[in-house]
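The two complexes that follow have chain A in common; it is paired with chain B in the first and with chain C in the second.
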Partner chain A sequence: MEMIKLTIDNKTVEVQKGASILDAAKTVGINIPTLCYLHLHDLNITNKPAGCRVCVVEVKGRRNLAPACVTECTEGMVVNTHNIRVLNSRKTVLELILSDHPTDCLICSKSGNCDLQTLAQEMGIRQIRYQGEQSHYREDTSPAIIRDVDKCIMCRRCEMMCNDVQTVGVLSAVNRGFMSVVAPAFERNLDHSECTYCGQCVAVCPTGALTEVDHTNKVIRALADPSKTVIVQTAPAVRAALGEEFGLEPGTLVTGKMVSALKGLGFDYVFDTDFAADLTIMEEGTELLDRLSRFMNGDKTVKMPILTSCCPGWVNFFEHQFPDMLDIPSTARSPQQMFGSIAKTYFAEKLGIKRENMVVVSIMPCLAKKYECSREEFKVDGNPDVDFAVSTRELAHLIKQANIDFNGLPEEDFDRPLGESTGASVIFGATGGVIEAATRTAYEVFTGKKLEKVDFEQLRGMEWIRRAEVDFDGTPIKIGIAHGLGNARKLLEEIRDGKADFHAIEIMACPGGCIGGGGQPLHHGDSSILKSRTAALYREDAGKPIRKSHENPFIQKLYEEFLGKPCGHKSHHLLHTHYFDKSNPIEVD
Partner chain B sequence: MAKFKIHLLVCGGTGCRASESEALFHNLKATISEKGLENEVQVITTGCFGFCEKGPIVKVMPDNTFYTQVTPADAIEIIEEHVIKGRKVQRLLYENPETKEKVVDSKKMGFYRKQLRIALRNCGFIDPENIDEYIGRDGYMALGKCLTELTPEQVIEIMKKSGLRGRGGGGFPAGLKWEITRASKADQKYVVCNADEGDPGAFMDRSILEGDPHSVIEAMAICGYCIDASKGLVYIRAEYPLAIERLKTAIKQAREYGLLGENVLGTGFSFDIELRYGAGAFVCGEETALIHSMEGLRGEPTVKPPFPSVSGYLGKPTNVNNVETFANVPVIINRGAEWFASIGTEKSRGTKVFALAGKINNVGLIEVPMGITLREVIYEIGGGIKDGKEFKAVQTGGPSGGCLTQRHLDTPIDYDNLIAAGSMMGSGGMIVMDEDDCMVSIAKFYLDFTVEESCGRCAPCRIGNKRLIEILEKICKGEGTMDDLDNLRNLSQVIKDTSLCGLGQTSPNPVLSTMENFYEEYIAHVMDKKCPSGQCKSLLQYIIDAENCVGCTACARNCPVNAIIGERKGVHVIDQAVCIKCGACMEKCKFNAVFIK
Partner chain C sequence: MASINIKLNQEKVSQLQDICKEFNNDKGELINVLHKAQHLFGYLPAEVQEVIAHELKTSAAHVYGVVTFYSFFTMTPKGEHPISICMGTACYVRGAEKVLDEFKRILKVKVGETTPDGKFSLSCLRCVGACGLAPVVMVGEKVFGRVSPDGVKDIIGEYTK
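Here is the complex of A and B:
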């Protein structure tokens, strides 16, 4: 590899040819500030439109300043990152951006977590010399995501996520000049677009332009209502990330503290979505085995492969983009909805209360879950199975508002019966986890033999698309895994073109799976955080006494007492769903 | 083939067409057939003659009579008097404004005398819709020569030696660009002609495409041969319908003649051209933005490198040159690099086409050798300032050029001198201003354009230019402060220093150059709250002179906001707090009692 030698701020730097000034500077401890730039190293996701011009530096001999993020180092280059010309330009540009930005930081939901605010602080901006007209746009509220476009700084990170990574293609720059802004086509609202609510735009937005719909006040009100029994479920990925909101190291497992905090908040029962994840394996696994055995017995009517259906962003994606393939995904509801359904039937009966008097709250790493729980098919007489889905970030706010010293909390256990879970369900939060959990159960059911080694390393990792073969005692089962909707599209197109011979495919909309969901604490471009969260989930799995879903005693009891058998009549009614053709929602008016 | 005794060349450029040159053409034809002269006299529509101020133009060949401002009604007289009786129609001849003498031959007019037409060689001379006429003027000879006698390397060497630089504004050496694109290896390469002429007032590219489309087609094919591309694309503004039509006709004809398509001239070289239409965004003249627009993406520039020569249209090596650059190529091949290089200055060879506009007598399109002075252009070719007013400044380089003044009049015009003087060549717009122009308003006017045309990708251009114009508006309203002037200067510098593409890197030029050359006007606006040229309405006061006012009440009755108070036969007064400065009072006063202060 050819090496390049250059000087940055009087320090000699040697880097590989092709390195940017920004990267070269980092190697000698010089952090050039950036704003629009985003680089998720482990996922190979990069956004560098060179639009914010905050990272400009002086290159000797060059007429104008150079954006460090996209300027390649050349031999003998002499760079200055903070002389008066650079500082003045950087501050002036920042003032310009602020001059077209609402300064309502004190009441902005992004306050304290906003890259623009942090930068303004670090740069010591104390006045905005260039005041003038500010751009104003209509606020766009959807079931999951709010677009406060006045706060858009045209960093184009969301556009990159929506188009390049997710291939959803809803967000892109529209209008010209001062009126330029990122918006859906024809500046329609998100709920009139093909948005999947995956929330990856929110996950990377540096300002308050894209945020989640906040349900914390609704939760507080429900908790204060004496006529309501309020139940909470927590998704697997939450426990691996919540601690970050309280200053803990990424990857710190806070399961026990989280349960403790939820009890402190006043929830009547603190349950675990993991329980429902085990239930999902029972249903989805049974469906898989049924399709698989019919397929292997030569039944031509059977569709292969079966695709997982736990991820609501993914469900929205195929309803919009692949309406011709609605019969391929499993009909099993997601764990969130299975939980809600069981809670408002089985558990409500146990408590002897009406479903109207029960409120089910879910804590999710996800924003699409907000939309999912509002779907009509998951309501009974207008009463939703899950009333509110709040994000990991919202839960942190609830805890802070309740004056709870999170880090000082004791560890507590989930309540029973809907709080008991296995290691298989915990790994639902990471890409590959659902299919690994399904494999653990399906293997034993299919072969009738006990699985010696429950860890399927070949199904794990961060690679976008993974293909693996698992030996079911002589029968090779072909498994596909994709995370990120753009990769899901690739696999789906392979299936559509008849080029794929998978038996089962797991798809997660978000990079890394739920641990990288749109409702998680913001990673601010540090992809090692996602890796730490993943590792935490596998750690939790490894420490669990039971690691196969079908061995969960409370699941067994649920079938005995209430459901009958997996994919039976009752579970079909309560735990399965159907999909809708949502293609072409855009009509040009 | 009929041999005609007389040819009547009627300008078919967009400007002359707007003054009914098409009707004139039809009337000439009709009169000719009425008189039974179809075999003697031919009428041809040509491209632009350049002298748009005096259009529509009719040129009679072979005696070289140049008629100006001809109306459709003049057709009969031209045929009856000139064609039949051999008497020139005196009233349609150009009159030398100084000597008042009638001038018959265009070469003797001040407007043409100092011009040297290379890129425009065929404009106003041939029928652009007839490939034979182009071929009759050595057309496609250069292509033939390249394909049969020269290697691509040799052609590139000629281009490099000629010193031809990009005429679109950047001034990058064309031969070098071709060489770099040739060196990029790929299965497919593209030649792109940038016909997205966006500078307000500039129309040389349109004129070339309307008047001599084959020269561009020929040059693109030569370029394709040099860089090893089989495909050419012309990115042209959809607002140029006539140019599009003529280009389409020309491409069709070239294909029919085997000059485009498979196996050109039987040499095995294949090259064809397609059109791509632009929606009129100024920034799409920037080559990366142009390419994105052609790809169906948002028309916005991206960072270079990679340069289009390495990764351009659809990620393939792409050579982008503008229309005027291409129009020079066939002549260079035919007449040699040395000939071309002998014209112009050391670093700027050849000629440049300028669109003369503004407060100048001879508005139009001119082509002059590089190195000519602004004084020669403005006073000799341009015929001086309109209405005998005082010259104040000239804006070169379009909206992002700079204003040059009296002290720059004797500067030889070339790429480097213009930049050194704080302006630029741009695509060749040249707008002349006189003593009545307010330089703060002028800067505001140009910024208004760049604010509209910014693509919005980078923050300094998107927001900075908006803030610049807001400060200028404040100053023009008399609300500016000395701090605003400091901010204006700093902001301009930062926008130039930090913007992503050429648009933002040059958009503050009008501000900086007017501040540099006319700082006292800024001071007058800010400190004295006065606009020395009387252009900034907010800084004007309409005053009634008590001596002249007879109390006729005409002003008061016509004031739309009732700002004028006064008794009949008594002196009237304007309430400045109410006055909206519409000027109605001044217009209605028969006693010259209303004046502006």
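Here is the complex of A and C:
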């Protein structure tokens, strides 16, 4: 590899040919500020439209300042990143951006977490010298995401996520100049677009332009209502990320403290979505084995492969984009919805209360979960199985509002019976985790033998699309894994074209799986945070006494007492669903 | 989720599909496709953009982004008699803006709009290469030279008989 020598702020730097000034500077401890730039190293995701001009530097011999993010290093280049000319330009650029930005930081939901605000502070902006017209646009509130375009700085990160990574294609820059905004086609609202509510646009938005619909006040009201029994469930990925909101290192597991905090908030029962994840494995695993054995016995009507269905962003995606393949995904509901369904039937019966007097709150790393729990098919006489889905970030706000010193909390255990879970369910939060959990159970049921080694390393990792073969005692089972909807699309097209011969495929909408969900603490472009969260989940799994879903004693009891058998009549009614064609047909007169 | 029902007649859809095919359904040719489609329909309604997005395997949001970026493309139907006022340098210094104001006043429309009866639409363009006749106004294919604000009424009158 050809190497290049240059000087940045009087330091000699040697980098590979093709490196940008921004990257080169980083190697010698010079952090040039950026705004529109986003680089998730482990996922190979980059956004650098060089639109914001915050990263400008002076290159000796060049008339104009150069944007460091897209300017390639050349031999002998002399770069200055902070002389007066550079600093003045950078401040001018920032002031111009701020001159068309609502400076309502005190009450903005992104405050303290906003890249623009941080940059303005770091650059010491104390006044905005440019007073001019401000652009105004209507606010757009969908079931999961709020667009407040007045706060948009046209960094195009959301557009890159929506189009290049997720291939959903909902967001695009429209109009031009001062009038330009990022919007869905024909400037319709998000709920009239093909938005999957995956929330990856929210996860990368540097300002308050894209945020989640906040349900914290509804939760506080429910907790204050003495006529309601309020139950909470927590998704696997939350425990590996919540600590970040309280200054803990990424990858710190806060399961016990989180339970403690939820009890402190006043929830009557603190349960675990992991319990429902074990239940999902029972249902989805049984469905897989049923399809598999029929397929192997030569049944031509059976659809292969089976696709996981626990990710609501993914469900929205195939309903919109692959309406011809609605019969391939498993019919199993997601763990969130299985939990809600069991809570408002089995558990409500146990407590002797009506479902109307029970409120189920879910803590999710996800924004699509907000939409999922509002779906009509998950309601009984208008009463939803899950009342409110709140994000990891919203939970942190709830804890702070309740004056709880999170880091000083003791560790507590989930309540029973819906709080007991296995290691298999914990790893649902990482890409590859669901299929690994399913494999642990399916292997034992299929072969009738005990699985000695439960860790399937070949199913783990961050590679976008992974293909693996697992030996079911002489029968090779072909497994596919994709995370990020763009990669899901690739696998689906392979299946549609008859080029794939998988038996089972796991798909997660968000890069990294739920640990990288749209409702998680913001990573601000540091993909090592996602890796730390993943490692934390596998650590929790390894430390669990029971690591296979079918061995969860409370799941076994649930089937004995209430459900009967997996995929039985009652399960079908309470734990399975159907999908809808939500594509946009082109009608011709 | 509201579904969007697209209603175009089959013949027009086929013509639109032919245009896309002419450019190998290549999304890199989007601007050329839009150009021809606008020639065919006179404007680019949402339905047309949806069909193009579908044919070129790109998103409707992207197509809409391009349509709204370039001032040449329009989503409002042009009038029966499209009026274009040249705003090139020569026409401008010889009073094109006053001429434009007079059109706006009489027709009660802004630039880029069409009169409610669908008869006239108003737009500006940059230099038609007839600077000797400045200021120049075009109605359809017909060119009017040395137009003064007083003459605007007569030009409109020619088409409202």
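Keep in mind that, in the parts below, the second predicted complex is superposed on the first by the 584 of 589 C-alpha atoms of A that agree within 3 Å, B and C clash if a C-alpha of one lies under 4 Å from a C-alpha of the other, contacts with A are read in each partner's own complex, and residues count from 1 in each chain.
One rule holds for everything that comes next: a contact is a pair of C-beta atoms (placed from the backbone, for glycine too) under 8 Å apart; a residue touches a chain by one contact, two chains touch by 3 or more.
These numbers were taken from a predicted model, which means no experiment stands behind them.
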First (chain B), second (chain C), both or neither touched by A:His192: second
Partner chain(s) touched by A:Lys582 [first = chain B, second = chain C, both, neither]: second
Of chain C and chain B, partner touching more chain A residues: B
First, second, both or neither for A:Gly51, with chain B first and chain C second: first
Which superposed partner A:Ile546 touches (first chain B, second chain C, both, neither): neither
Partner chain in contact with A:Ala402 - chain B first, chain C second, else both or neither: neither
Chain B versus chain C as contact partner of A:Val302, first or second or both or neither: neither
Which superposed partner A:Pro67 touches (first chain B, second chain C, both, neither): first
First (chain B), second (chain C), both or neither touched by A:Asn175: both
Residues of chain A contacting chain B in one complex and chain C in the other: 172-173, 175-176
Complex contact set, residues of chain A against chain B: 49-53, 56, 64-65, 67, 70, 72, 85, 88-89, 92-93, 96-97, 99-100, 129-130, 132-133, 153-154, 172-173, 175-180
Contacting residues of chain B [partner chain A, same complex]: 281, 298, 300, 302-303, 305, 451-460, 462-467, 470-471, 487, 490-491, 494, 496-500, 505
Residue ranges of chain A in contact with chain C within the complex: 163, 169-176, 183-187, 191-193, 582, 584-589
Contact footprint of chain A on chain C as seen in their complex: 1-10, 13, 46, 49-51, 53-54, 58-65, 68-69
